Structures are given as structure tokens and as C-alpha cells.
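Okay, handing you the structure first.
By written order: A, B, C and D. Residues from 1 in each chain.
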Amino acid sequence: MVTMIDYSITIVGAFLAMCMFTTLYGKSSPLYALAEESYIGFGTGLTIVINAEYIWRTGIVNIMKGDYILILALILGAMILFRVHPKYNYVARIPIAIALGAQFGLSLRTIIFSGFIQQITASIVPLFGGDMVTMLYRWTIALSVIFMMTFFFYSIELTGPLATSAKIGEYFLYTAFGAIFAQTFMGRLGLFVGFMQSYTVPPWKKPILLAAMFIVFAIIVIMDRTGMLEKYTPVE
Amino acid sequence: MSDNSLMKTLATYDRRWVYLVLFLVVVGPLLQPIGMPISVSPDTEQYYEAISSVEEGDKILFTLNTEFSGYNEIQSGIVATMRVFIEHNTKICVAVGHPEATGIPELVFKQLEEELDANGYVYGEDYVILGYVMPNEASVASMSQDFQGAITQDWLGRSIDDTFLSEINTWEDWDLIADFTTGLATTFLLNHFALRGTPMTVNCIGVMIASQKPYVDSGVYLAILQSMRGGAELEFLTGHPGPGLTAMDAFTFGHYMLLLFILAGNLGYYGYTKQQRGGR
Amino acid sequence: MAEILKNRQLQIAVMALAFLLVFVPYFIEVPALEAASTKLITITAIVNAVTLVLALQSQIRRGLNIVQRRQTGWYFKAYMIITMVLMVVFAFFGRETGPYHWVMYAIVNPLSSVNYGILAFYMASTAARAFRARNTQAMLLLTTGFIVLLYQAPLTGAYAPWLEPIALYFGDTFGMAAGRMFLISVTVGAIVFGVRVLMGKETSVLGVGKEEV
Amino acid sequence: MATPLFQVPLIAEGRFIGLILDILIFALVLYYTSGDKKIYIRRVAGLDAIEEAVGRAAEMGKPVVASYGLGGFTYWTLAGLSILSHVAGLSAKTGTRLIVPTGGSTSSLIVRPVAEEIVKTAYTMEGVPDQYNPDDLPFLSGQQYAYVGGYVGILQRTRPASVIMTGSHWSDAMNIAETSNAVGAITITSGAYISNVAALACASDYILIGEEAPAAGAYLSDDPSQRASIRVQDIFKWIALGCIILGLVLSNMGINIVENLLST
């Protein structure tokens, strides 16, 4: 049973989505501005809701339960608001320093393992034995890692064998870029196809999609031809 | 049109043509599917084997680690996998790893109403939806060690005491984790469940394949389903054509179109640009 | 008081202390330290959430400036501010149903999906423009890119299964190696950079270049 | 599977070598920044491009758009801020309008005041504090794709001469790079993850691959400490290379000492 709410969601969604797609036309337009500001407006609203809820649930509720150390969070939060005060803005530096230090500690404590040690151990594999394909794979990976690494030395002049190695590394890198680009394209195409499909399945949505496409495209072309695009597009 | 002006066109055409053609080749087949043949990759066969070896009464943790945009890409895999689980009469617990995803279970079960009825599924007895319970690593860790301590309610605030979830205590009590992901809490599930020994399968978006595949090779995951294409192949294997298969025409056309544009661009480059620059 | 708070050394000391409180318990197992570090992380998360007020102040001020000046398209900014307020109001009526739910499905989800899915277009036009055999590097990129793209089209898979091992080879070897190398070099860079900030060498980050400007 | 060689009391299992490596980095940075050591830095192609890009904008009388990403205080964000500081200085000097889109995620909220301070300071240092306009650092919500929508809109409306996009941009980077290219701006980007880098390498005029972005800062400034950090990074790459080669040779001879040591 398709309700009025389903219809309204599909109609508004399809129309705004097509407005957003008008960015591909290469010129900004009032329709794009409508979609953009809708998203920024509601998106900011969403950010407010999520953050307020977080402060309430993690901060206030726990303070009321007796976790008084969290009052410090509110004090620091209040201090950071001094940022906008022309005279006392230096008060905000302390909470920023604390946040910076803590977030840094959090990100730096694990990356030496996941990004360095584990990557080295994963590179150490048996190079002999197993079938031909496995061996080909392993040799290619091992050699690629080694050659690519030399391409990323910055503080020595690359001459002699090192220069050759760096050159080979660069070639390997571009070979990799081709494959990665293609994989990424498939992923993005999947997102686009999947999104369009959410407006073709179930079939009652198809006419709405077609209508939205046609109307938005027509408006853009007409506005462009008549010079209205420049006139009504917001200036920054 | 002389040879040179054709080459010039190929070298310097407006990029909006690419946009327009891509839009049309994707939307066309979606509106009017053709049903071109596809092949099933070994990865998908392995995945199908893994999910269809579940038995009646097995307890399955079905995790949706995706935002809404990612759901569009992997929904065929989600629905097809869920159908297999329902047909095997398993107990299913759905948990999500993003606030946006709380609306997704509703969409999935809506598409499977027939199967739910046919197998006599009752909410609470046979399946439970938990909602946004995996915001960070700490929460996933506690789910794996003390499920009853970490989770007390379903997504609408009803107690889970009278459901099959009351039998779950640690990571050992799950028979399978089926993860559907754009990233998010998958690493946490990996650390706290799969690496300890809970069987786990993954269906990820295209961009994640490169980073997730090594875990299948090392035996941490039972199997991996790749992006929308894997979903389509799974639909084919389960014999329930759905959105994934319909999308494959658009997928094929999208790829071929890009290949044609690349070829045209290179023709233009050699036939025009390079000559203009004096063969530099 | 003011002089103390303005002191740059104090700032660096506070930052280093916060850093150590989070960093050290990961390596040295002392439960009390671990608890303190978790608490500090929670506190910074709350402080971060409060910072939203600053961003909002700036966003609303900018919007109102445009509205007041009656700049072309000012009504869009007015609309933006109204939708922002509306969303907050909607949240009070519950989130599983009602207007909040409607906005999520009719506006936020489609628009987020468009901006994500539109990447397919950008990737396509980039490839059409940049995949040109200008030199050896570009030639290699073009070749592997072409092969993998060809393989990924489902129809090709059905008629040319021999392409599969070749395409997989490129992705699973060179692609994997590049990812690994990238990770190693980035990791070291990140740690070195962190050390520099903690030593107070990275003057740009704490906000003020020269003292008390 | 690798087994740890030994267990150090008090230190969590399997984390000893990591701690040692971290301490080693700290010590090396300290060593190279003390005293007056001349360190050679290889020229990175994208570097001068930044000055050129701002110069071009000044000539054309068009704005520069620069962004530092949408992450929290991560490595990428800091590298982005460091480049932003340089760009802001150049813009102030040449009287070019600088637009810095901000926001994009909840965790980036705390970065925003720092970015404001950086830009403001740069203008003050060049003696033109009155040219600093806080409205040119628009906040585009805490949602990634709303931020991108706004960013793309700004690019299309202002048609800047140059776009310098560094820091932690994720999948949104391609929206920005390709739109920027379409509006005819010089596009300088830096990639924070590998799927992005491949695409950005094709889409931008100049790309700072991986840690080239922070290396850019080192090259542009004559700051000895920045050069020192590049040297330390190279040393660690040598360590990684050495471990991989040694490990490959030894483990294929049946000796697993390198893996075991690393897992200690």
C-alpha cells in the first residue's frame, strides 16, 4: 500500500536530487542553490541534534549520576566559547591545547602498529613453493613494495641504482593507479546506479523520476538561454 | 567533416557530453531492463556456500555498517542474504553501525514480507532489530564479552529478555556474523569477533574490496561479496532476480561507455593535440 | 591570570600532558591510568561537541549579513536558517516517525546519495580527459585501467572469462603493494609531525604565529 | 604465526617494539632539530605550484579557495593547516581574496577555530588585519556531503583562479577537484588515501602524493625543524625497507627472527 507520505517523500526527493545533479551542467543555478541550502540547513540541524544529544547523554546525564569530573568538560567547553570575544579570546587556547593533545595521543598510539609494523610483517611471505600463480603474486608484491618505497625518499639525491629503482617504483605506482582507479570507478558507479534504482523500484516511482528529470533539465536550459541563470543565482 | 575536425572534436569535446551519456546509459536500462548475461565469480560462489550452510535455529548477527548512500550500492546483497537466512529458519538479530541505518531494516523486511510469512517468522521469537548499538569500538568490544550487560533493549526500547537473545552471552554464542559495510564498525567486529573465531562474512562496497580481500585469503572471513556486482551474482545463484541483476545492464553500459570515451580521447590526442603541440 | 593563560609554554605543556595521558596507558598497563585516559577522551569529545556553537554563530552571522545586504539570492540564506531551526524543532516530535523521519528520507538521504553517487560522473570525465598515453607513466595507467574496467563490466565476464585472472592480478598485486607502501610512509610522517607539534615546533597549529598578535 | 621474542614487564604484550620505534622517532627529531644541520630536500613538483597558484589569482583578480579537510586533529588536518597558513600569508601579501570552506564532520568542529586563528594571524602579520573577513570561512554544516555541496556551489559561483585542497578530504575530494578543473581553476590537491590518490592524480594539475603535502611545508619554509622531520621519515623508510628485505631473505631460509622481533 503506497501512502501519501511515500509519494511525498519520492516526489520531493527526486526533485531535489535532480536539482543537485544540475551542478553537472557546469553553471550554478537557483535550483542548485535550493538543493544545496536545503541540505546545509537540514544537515546543520541534524548536526545540532546529534551534538546536543551527545552532550546531554554523555555529559549532563552522567554528571547527574555523580560522575562529577565531567563538569570539567563543561568548563572547558565554556572556555572555548570565548573564542569569539575580541578581548578574552586567549581563554580558548587551553581547551584547544587539551583537545589537540588528547586526539593526537589517540591517533598516534595505534598507527605505529597498524600502519608500520603490521605492514612490514605482512610483506614478509614465503617466496618459494606453492603454485606458479601464488608465487607470481608474491614476487610482484614484494618487488613493488621495495621499488615504490625508493620513490618516496626525499632527503637524499636520487642517483645511480637508487634513481633506477625509484623510476621503476614510479612505473609500478602508475600501474597500480590504473587498477585502483578502475576499482574505485566501479564502486562509484555502483553508488550512482543504486541511487537511481531507488527511484525506479518499485515501478510506481518511475514516472516521478522521469518527470523530475525532465522538469529540472527544462528549467535549467530555459533559464540559461534567457539569461535568467546569472540573474537569479546567488553571489558569494 | 574533415578528418582533422573530427579529431579535434574527439580531443576537445565538452565534458558535459560525458555526463549526459553516462546519465542516459544508466537510467535507460534501469527504466527498461534488458537482462544481459553475467558470470558468477569464484568469490560469490564461496559466499553463497558460506551463507547457505547455516542450519535451522542458528543464531545470526546481521550487521548493517552503512550509511544510506552505501545501502543503495549493497542492498541486493543484503536482501538476498537475508532471504537465504529466512529460508533456513535461522534466528536473526539485526544491529546497525550508523544513525542513518536505523531506517534500513524496515526497508529490508518490507521486501521480504512473503518469505517472512511463508516461514512463520515472528518478531521477537525469530528476529530482533537492535538499532544503533555499535557507535564505537568500546561498544562492540562489550557486545562480544558481555552481551547481556551491553544490550538490554531493542531499537524501540522493548526488553530483549523474552527473545532468543537471552541465550547470547559472548562471541562464542553466534553461529555467524553477516556484515554489510561501507567501513564503520567492521574493523571492530573483526577485532572482537572474527579474530577470536566467530565465523564472519562480509559484503562491502567497491572501494573497500582491496582492503578487505586479504582477510578472506588469510581465513579470517569465511567469504566476501563484492559491491553491487556480487549482490547481483548472489541473486542469480539464489534464483531470485532483484534490483542487483536489473542494475547489471546499467553497470555494463556504464563501463563500456567510459572505455569508449577513453578510446576517443586517445584518438583525439594522437590525431589532434599532439600535432598541435608539434609532437611534444 | 591573563598573562598565565596567554603563555605559549603553558599551552604546549598542557597539550603534551593531555597527549601523554592518552598515549602512555596504551603501552603500560596501569588500570587507573587507562581509566583516566578514557575519561579525558570523553571530556574532549564533549568539548568538541560544544564547539558547534562557534560554528553556528559564524554560519548564522554570515547568513544574516547576506540577508541584510539583500545580496542576490539572499532568500536562499534565509531559507537555510529556517530549515536549520525547523530540523531542531522536528527532533522534539520523535525521530522514528513524523516530520523528522520525513526530512531524513525526503531530503537528507537523497541529497547525500546524490553527492556521493555523482562521483561516478567526475571519475568518468577525469578518465576521459586524463587517460591519454602522453608518456610511459600515463601509458601504464591507461593499460591497467583499461583492462580492469573491461573486466568489471559484467557482460565481459560472461563472454571473456580469461580476462579475470589478468585483471585480478593487477589489482591484487600492484594495487595492494601501493596501498601498503603508502600506509608505511604516511604513518611515519604522521608520527613525526605529531612529535613536532608536541615539541612546539609547528607554530601554525596552535593558532597564533607570533605571540599575542 | 609470529611469536614474541620476549615479554617486558609492565609493557602490554606485543607493544614493546612499537613503543621503542615511537621513542626512536622522538629522539631522532630531537637530534636533527638541535644544532645547525643542513639537510637536503628533494624538490617536489607540486610545491612551487602553490605560490604560482596564488600569484595567478592575484593577477587575474579572482579569489583563491583553500581547504584543510574535514577530519579532526589528525596528521592530515595538521598538514593541511600548515599549508593553509602559508597560502593565507601569500593571499594577504598579494591582496587576494581567500575563501576557506569549513565543517564537514562533527569531529572537525574543534579544528575550525584554529583555522580561523591561522588565517586571521596571517593577515595581521602581513599588516592588513582589516582585510580579514570572517565570512570568508563559511561553515557548511557537520555533514560530509552537505559540506561538499556547499563547496562545489562556492566554486561554481566564485569561479576562483586556484583551488588548493589539502588535508583529510575523503571521497568528497573528487567532487571538489573535478568541479575546480571544470571552472578553470588551477587545482592543487593532496590525497589522504590510496583510492583517492589514483583518481586525484588524474584530476588535478598538481598532486602532493602521500606525505608530499607535509614535505611541501618543509620545502617552502626554510624552517630547519621541518627539514629535519623529512630526514627522520626517510630514515624510517630505510628501516622498513631493511626489515622487509632482511625478513624476506631470512624467513625464506626458515629463520623467523624479524617477524618475531616485530611482534614483541
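Everything below uses one rule, namely that a residue touches a chain if its C-beta (ideal position, glycine included) is under 8 Å from a C-beta of that chain, and two chains touch if they have at least 3 such contacts.
Treat the numbers as computed from the prediction; the structure is a model and nothing was measured.
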Leader among chain pairs (count of C-beta contacts): A-C
Computed over C-alpha atoms, the centroid farthest from that of subunit D is that of chain B
At what distance in angstrom does the C-alpha mean of subunit D lie from that of subunit B? 32
From the mean C-alpha coordinate of subunit C to that of subunit D, what's the distance rounded to whole Å? 12
Please tell me the distance, in whole Å, between the geometric centres of subunit A and subunit B computed from their C-alpha atoms. 18
I'd like the Å distance between the centres of subunit A and subunit D, where a centre is the mean of that chain's Cα atoms. 16
Residue numbers of subunit A (touch at least two other chains): 20-21, 23-24, 26, 33, 35, 39-40, 43-44, 46-47, 50-51, 80, 83, 96, 99-100, 103-104, 107-108, 112, 116, 119-120, 122-123, 145, 149, 152, 176-178, 180-181, 183-189, 191-192, 194-196, 198, 233-235
Which subunit C residues reach two or more other chains? 26-27, 47-49, 51-52, 54, 56, 59, 105, 108-109, 111-113, 115-121, 123-125, 127, 129, 131, 141-142, 145-146, 149, 152, 171-172, 175-176, 178-179, 184-186, 188, 190-191, 194, 197, 205-208
Among the residues of subunit B, which are close enough to touch at least two other chains? 15, 19, 23, 69-70, 72, 207, 209-210, 214, 229, 251, 254-255, 258
Please output the residues of subunit B touching subunit D within their complex, sorted ascending. 15, 69, 207, 210
List of subunit B residues in touch with subunit C within their complex: 15, 18-19, 22-23, 36-39, 41, 67-70, 72, 100, 102-103, 156, 209-211, 213-214, 229, 232, 248, 251-252, 254-259, 261-262, 264-266, 269-270, 273
Parts of subunit D lying in touch with subunit C, wherever the complex brings them together: 10-12, 15, 18-19, 22, 25-26, 29-30, 33, 72, 74-75, 78-79, 81-82, 84-85, 102-103, 106-107, 109-110, 112-114, 117-118, 121-122, 124-125, 134-135, 137-139, 141-146, 148-149, 171-172, 174-175, 177-179, 193-194, 197, 199, 202-203, 210-211, 214, 223, 225-226, 229, 232-233, 236-237, 240
Show which residues of subunit C lie in contact with subunit D when the two form their complex. 26-29, 47-49, 51-52, 54-56, 58-59, 61-62, 65, 108, 111-112, 115-116, 118-119, 122-123, 125-127, 129-131, 141, 175, 178-179, 182, 184-186, 188-197, 199, 201-202, 204-210, 213
Residues on subunit A engaged by subunit C in the complex (per definition of touch): 5, 8-9, 12-14, 16-17, 20-21, 23-24, 30, 33-35, 37-49, 51-52, 54-55, 58-59, 69-70, 72-74, 76-78, 80-81, 83-84, 88, 90-91, 93-112, 114-116, 119-120, 122-123, 133, 136-137, 140-141, 144-145, 148-149, 152, 170-186, 188-189, 191-192, 194-196, 198, 231-235
